[in-house]
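Shared between the two complexes below is chain A, which has chain B as its partner in the first and chain C in the second.
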Partner chain A sequence: MGDRISDHKWSGVLKSMDRREFILSSAAAGILTMTPRFASAGSGEVFRVGVTLPTTGAGANYSVRPIKGLPLIAAQINKRGGLLGKHPIELHFRDTQTKPAAGTREARSLILNEKVQAILGTWSSAVAMGIQEIVHENKILHFAATSNSSKIVNENYTPYTFQFGPNSRMQSAATVVAMKTLIEKKGWKKYVTLGADYEWGRDAQSVFVKELAKASPGIELKKELWFRLGETDFSPYISAVMALKPDFLFGAIAGKDNETFLQQAKAAGLFKRVAYPGVFLPVTELMQQRRTLPRGIIGLNRCPFFANLDNPMMQSYIKTFQDEFGTDDWPDDFACMYFDALNGLDQGAKMAGSVSPDAIKDALKGATIDTCRGRLAFRDCNNQLDAPSYVGEVVDTPDYPFPIFDPKTLVVVKGSDVWLPTCEEVKKLQKKRA
Partner chain B sequence: MVYDLTSLLIQLLSGLSRAMMLFLLASGLSLIFGVMNILNFAHATLWMLAGYLTYTLFQFFTATMGESGWWLLPSTFLATAALFALGCLIEFVLIRRMYDRELPEQLLLTFALILIIGDVIKMIWGVDNLRIYMPIEPMEFFDSFVNPYSFVVIGVGVAVAAGLWWFLHHTRYGKTIRAAVHSREMVSALGIRIGAMYTAVFGLGVAVAAMSAGVFLPIVPIGLGIDMDLIVQCFAVVVIGGFGSILGTFVASIIVGVVYSFSVLIWPDGALAIIFVILVAVLIWRPWGLFGTELRS
Partner chain C sequence: MAMPAPAKETTAKPPGQPDLSLCVGLFLAPAFFLVPLLPGEYPVYVATEILILGLFAMSFNLIYGYMGQISFGHAAYFGLGAYATALLMQYLQQETGAVGYFGFFLSMLIAVPVSALGALIIGFFIVRLTGIYFAMLSLAFGELLFYIVFSWYSFTKGDDGIQGLLPPAFFRDVYNFYYFTLIVVACALLVMWRISRSPFGYTLRMLRENAQRAAFVGINVRLTMLVNFVLAGAFAGLAGSLWGPFQRSVSPALLGWHESGLAIFMSLIGGAGYFIGPVVGSIVYTGLYAYVTRFTDYWPLTIGVIILAVVLFAPGGLLSLLDNALRRLREKRDGDGERRERKP
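Let's turn to the complex of A and B:
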């Protein structure tokens, strides 16, 4: 019983974002951004940015650090006077509840009532795709910082949306790159997939299956299992996977579901019977599940700070974040991608020489920007950032109180190596919009 | 595909574990509706609140008196007592004003409770998922593994079912409650304070759910929104079993849990659909549920 400890101490470190804090963060953002507004009153209009993130529902745990980090980034930009040195940023936070209906309602309200010129967000591709229809209709910028269905930039493409993380197709293909070696080395022959039954889960699973069939033609998919978003009891799925006796399991599971699944799968002995490579493990999960996470599993990551410590932008962001929230807290993947999104807006305005959404949209098309993952370019046919995926083995190190991906074996797969090979293919998928 | 016996046994165990989770949550809902004719849409939300409270009490005990998984027992007990009191208060202040109202109004009131409690939770505990960490190690089962905590869930489910059955059939108070299901006017005419009984039944229904929250915490992280996912399944169980019938809820939980579990193995795409096909069939064939009485329909 000696090693049984609660998450309390840790939760003190990873302080929860409650509504009060949420409101305070939003208010702080407003105050921080309004200071230069008054200092340089008359020099330029305020640039209003809507932030649509879930603070309830399956993706709520991924919103905590973006909500903490975004006001700090806005304040930094506003210290320089704002966009183009004269348009202070004002952030307006809204809760999408991880539901498309709520997300689109909030996005519409942000545009009509708050007069925002850009929307950052959100988690859940289904919500993001709903928001895309509204931003396109209103000609407002949309920086999809974390939602990552490939449909956002392909089938549902609008020139107003820019995707900052590797999309589901790129992530799944990156996993295949890492998996191919494992399959050959271990002699694996059959596998099972388990995915969240919604847009992102279906998309990630389907790309993985197709790409793996190409990369390792001999491998057999035994069965596809799907669970409802927000599942609380994975035991039937875990026992079904064990009954099917695959060599490995591919999971398209994220958010709270990922946490629940890993906890129950470990207790049921799944990882003793079946390998589980390629699980989505953002820094958030590495921190939250530091005690229960099985070591040695192969995880997938989108923007881990520990893989980008040599990047000055990442160094600066970590310092800013830790100056505010303490050295025990770290910006997770989501905080980093929102950092890149807001800084991307700043850089887009500079390139355009204007804060007009249309001008920024045109300037960012095909442009290269500085991010906390290095200098990355947007693909000009669909506005997908050439964002890398990180695949690695979960290990403990003396440097952090939570596991990270083993730096010695970390595989960084460039976005442009795994996205749809040609723009012709992309354009074939893109729907015609008015 | 042919599955070996061990795999089928483990699948059955998973189904029973899921069944008992559903029963623990749904039995209070069924009891409240059966006795009071109140459809408490906020039932799973009160369960969720109990989970947060249990978590906090557990943290308090481990922080002040040393770390031990056994603190889950007093934490669960105290949270259950607190939710019993809260349930009584809700009935006394709000629910009793709704007895003569239409069902949609009851649903609106309890739906408002979902929103209020959800926001209170957000203010106090934030949006992070919370869980109690227990190093549960897999147990060898023939040539495979199972989660040993499944046996705890099944055991508690069976114990609660037996306890509720004994209470309703072998105690004076339980018999009075059953009598009230059939004729509250007659029970009232016998000089029994029906108002106080309703308050206690509502508190008891909520308390059963609250107790189950403590049982789930070591394997299910608690987080906002979890209540809405669970309440739909609870309604399915209660409708199939028959509102007001604890035995019906127990049997329906087993049907739903086991059928769902084997559907995941055999026909995963239709797992949820099969449950609702059963639900529809029951509604057509016996609208009052498998073990409900026509009187309640």
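Let's turn to the complex of A and C:
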């Protein structure tokens, strides 16, 4: 019976279509998708750079501005002749689909087919760690511009990878540092935690609780609340938090769960009664959720342009970006970190006096580079950039059509203040590579 | 309710008629053997992936093409195999970060019983149902396993996955690993071929065509389905065991429904009614993916158009086009012969 029904449906579809028309339109659609996927460098001995970013899947939303802006930064470098003034940069973009298998496949293809000497990317840490295996084996530079698991530079360390954002451990510790300041300033005494009930959620919550107890011994944890991954109804948790009347709520909530929670908590009026610090709010979210984002919550950011407006490099990024895409668009955290990564490559080549990946890798080890967040050094033992974390209260200002972090109360936590204390500790974590 | 599964070559052929799968297989075998002669290493990587995913799709087709049930959670066994190998390889890694030959083979071998055991436990519940209920239950169990692997950080490393799965020095060479994969996959296909031509294989076809009648003649339907489910899980696990050392890493996505969809796509593209169909599907899917994504970001659109075209114009898969063309040729030849005989 099932066969007959489906056969009937298909024959109906077929009858309503002109076969020749279908073939022609399919072919046209196929050809239209074959758009060029590289930014050409012109003549000369080129230096090929692969950019592995998700344009489909969970991370696609955060790839838009890096993909728009990277060719502009490459063009700036190429105006000077390219790396060392004689090696124009050629960018090759690939979609990782936010899947590790796709990421490693694309990394291999970039190395073997396009002969790239460096890979920038990617968004997901799991994909970045998959790519690390391929770059290490092929001795290719890898600039992890935005993926920020601490494992990238610790447990899964390879000397070919450089991390440009604060890693996950640094971010957690930065939240505690910022919280200490806020607790003292606001006289907070008790708090509640709400976390995703799986390993990451429990780990993030326990690190925060332990570190906060050390930093602010007087603070009291009233209750730990846990929700299942992929929760769609947060109302019982929101009611429970409100009933406990804490001064603030710490959330170990990520991705889609965080978005759902924010919407429901705002509708229930939670943020009018309880402060909610520490949520990751990149500029992308500040722009996209400008109407719905609750004001007054305290967010964490990795590379906000509005906190670095006095930096000439950030000024240049904004100008370059807005000259091309209009003054109502701004480079987000992700774009800025990718721009830093490409400029870092340029500076690395200058320091090495060579474009050989091995020479650049050696030159950048422990080196200090100019970034849009100031002059920052790579940590000698794991290539982690001394990248600051930014914690601040979400407020409206007359300067932008979207909320930013309140410049008056913004806390900037230096990377070197919150990374693992000693290089011996880091080296203990780093695995041996054959 | 049985799911519609195309039945062409899986039924008995008239005597003297060549077996299309055998012919295609005999053509593909030397072609695969000669892939390393192509310039560069990239085609060898692509061919390795074709073989691994082809074996995975073939294992799925034991359930779909032969038994007439569709599993939306078949990647669970592929992923179980990949994780079993990855975890054991990681456990056996030496101070240098490499694994020895014994450890490498042991890690791969363990994947088969682990996946088979997983399929046995899950299959025990699933084979009680057929049709859409079978499909939905397989999806539910698949997603359950995915979430266990995704969430169990202390054991599976959660959503970060496991990296650094470096095989021993000999197999780090892409050509050596390719020939190793070719041998493993060829052996697995021979065993599957034998199974498909055995009384057990014909019993599966009978279940697909009419399970009630099969039960009436004394066949234990559930047990037969369960045995086949376990076999399919074991072969998927074997494919999974090759994946980790090939990609040097595994991630929970390997157990997800997207990965299960790959096996379905490959079987549909190649032809689920043909023994070798899923391998042909893997050649088309993986081969196109490897080269199309160099030129466009719109891979999902590209593969969508291809699948639409196959479903509309070759619902039996690409091999059915070849099969139909050969049949027309034979009919024409037989017709010509008859006409010649009729002439005085």
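As a convention for this text, the second predicted complex is superposed on the first by the 300 of 434 C-alpha atoms of A that agree within 3 Å, B and C clash if a C-alpha of one lies under 4 Å from a C-alpha of the other, contacts with A are read in each partner's own complex, and residues count from 1 in each chain.
What we mean here is this: a residue touches a chain if its C-beta (ideal position, glycine included) is under 8 Å from a C-beta of that chain, and two chains touch if they have at least 3 such contacts.
Computed from a predicted structure; not experimentally measured.
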Partner chain in contact with A:N156 - chain B first, chain C second, else both or neither: second
Partner chain(s) touched by A:V64 [first = chain B, second = chain C, both, neither]: first
First (chain B), second (chain C), both or neither touched by A:C372: neither
First, second, both or neither for A:E137, with chain B first and chain C second: second
Touching partner for A:Q288 - first (chain B), second (chain C), both, neither: first
Contacts of A:T56 with chain B and chain C, given as first, second, both or neither: both
Partner chain in contact with A:R433 - chain B first, chain C second, else both or neither: second
Which of chain B and chain C A:A101 touches, first, second, both or neither: second
Overlapping contact positions on chain A, where the chain C interface meets the chain B interface: 1-3, 6, 14, 19, 22, 55-56, 97
Contact set on chain A toward chain B in their complex: 1-8, 11, 14-22, 55-58, 60-61, 63-64, 97-98, 223-226, 228, 230-233, 235-240, 242-244, 256, 259-260, 263-264, 266-270, 272-273, 288, 291-292
Residue ranges of chain C in contact with chain A within the complex: 1-4, 40-42, 45, 49, 95-98, 131, 147, 150-154, 158-161, 163-166, 172, 247-249, 251, 253-254, 258, 289-290, 293-302, 305, 308-309, 311-313, 315
Footprint of chain C on chain A - complex, ascending: 1-3, 6, 10, 13-14, 19, 22-23, 26, 29-30, 33-37, 55-56, 93-95, 97, 99-101, 104-106, 108-109, 112-114, 125-126, 129-130, 132-134, 137, 149, 151, 156, 198-200, 203, 229, 431-434
Interface residues, chain B side, partner chain A - complex: 1, 3-4, 7-8, 10-11, 13-15, 17-18, 21, 58-59, 62-63, 67-69, 118-119, 122-139, 144-150, 216, 219-221, 223-226, 228-230, 260-261, 264-265, 268-269, 271-272
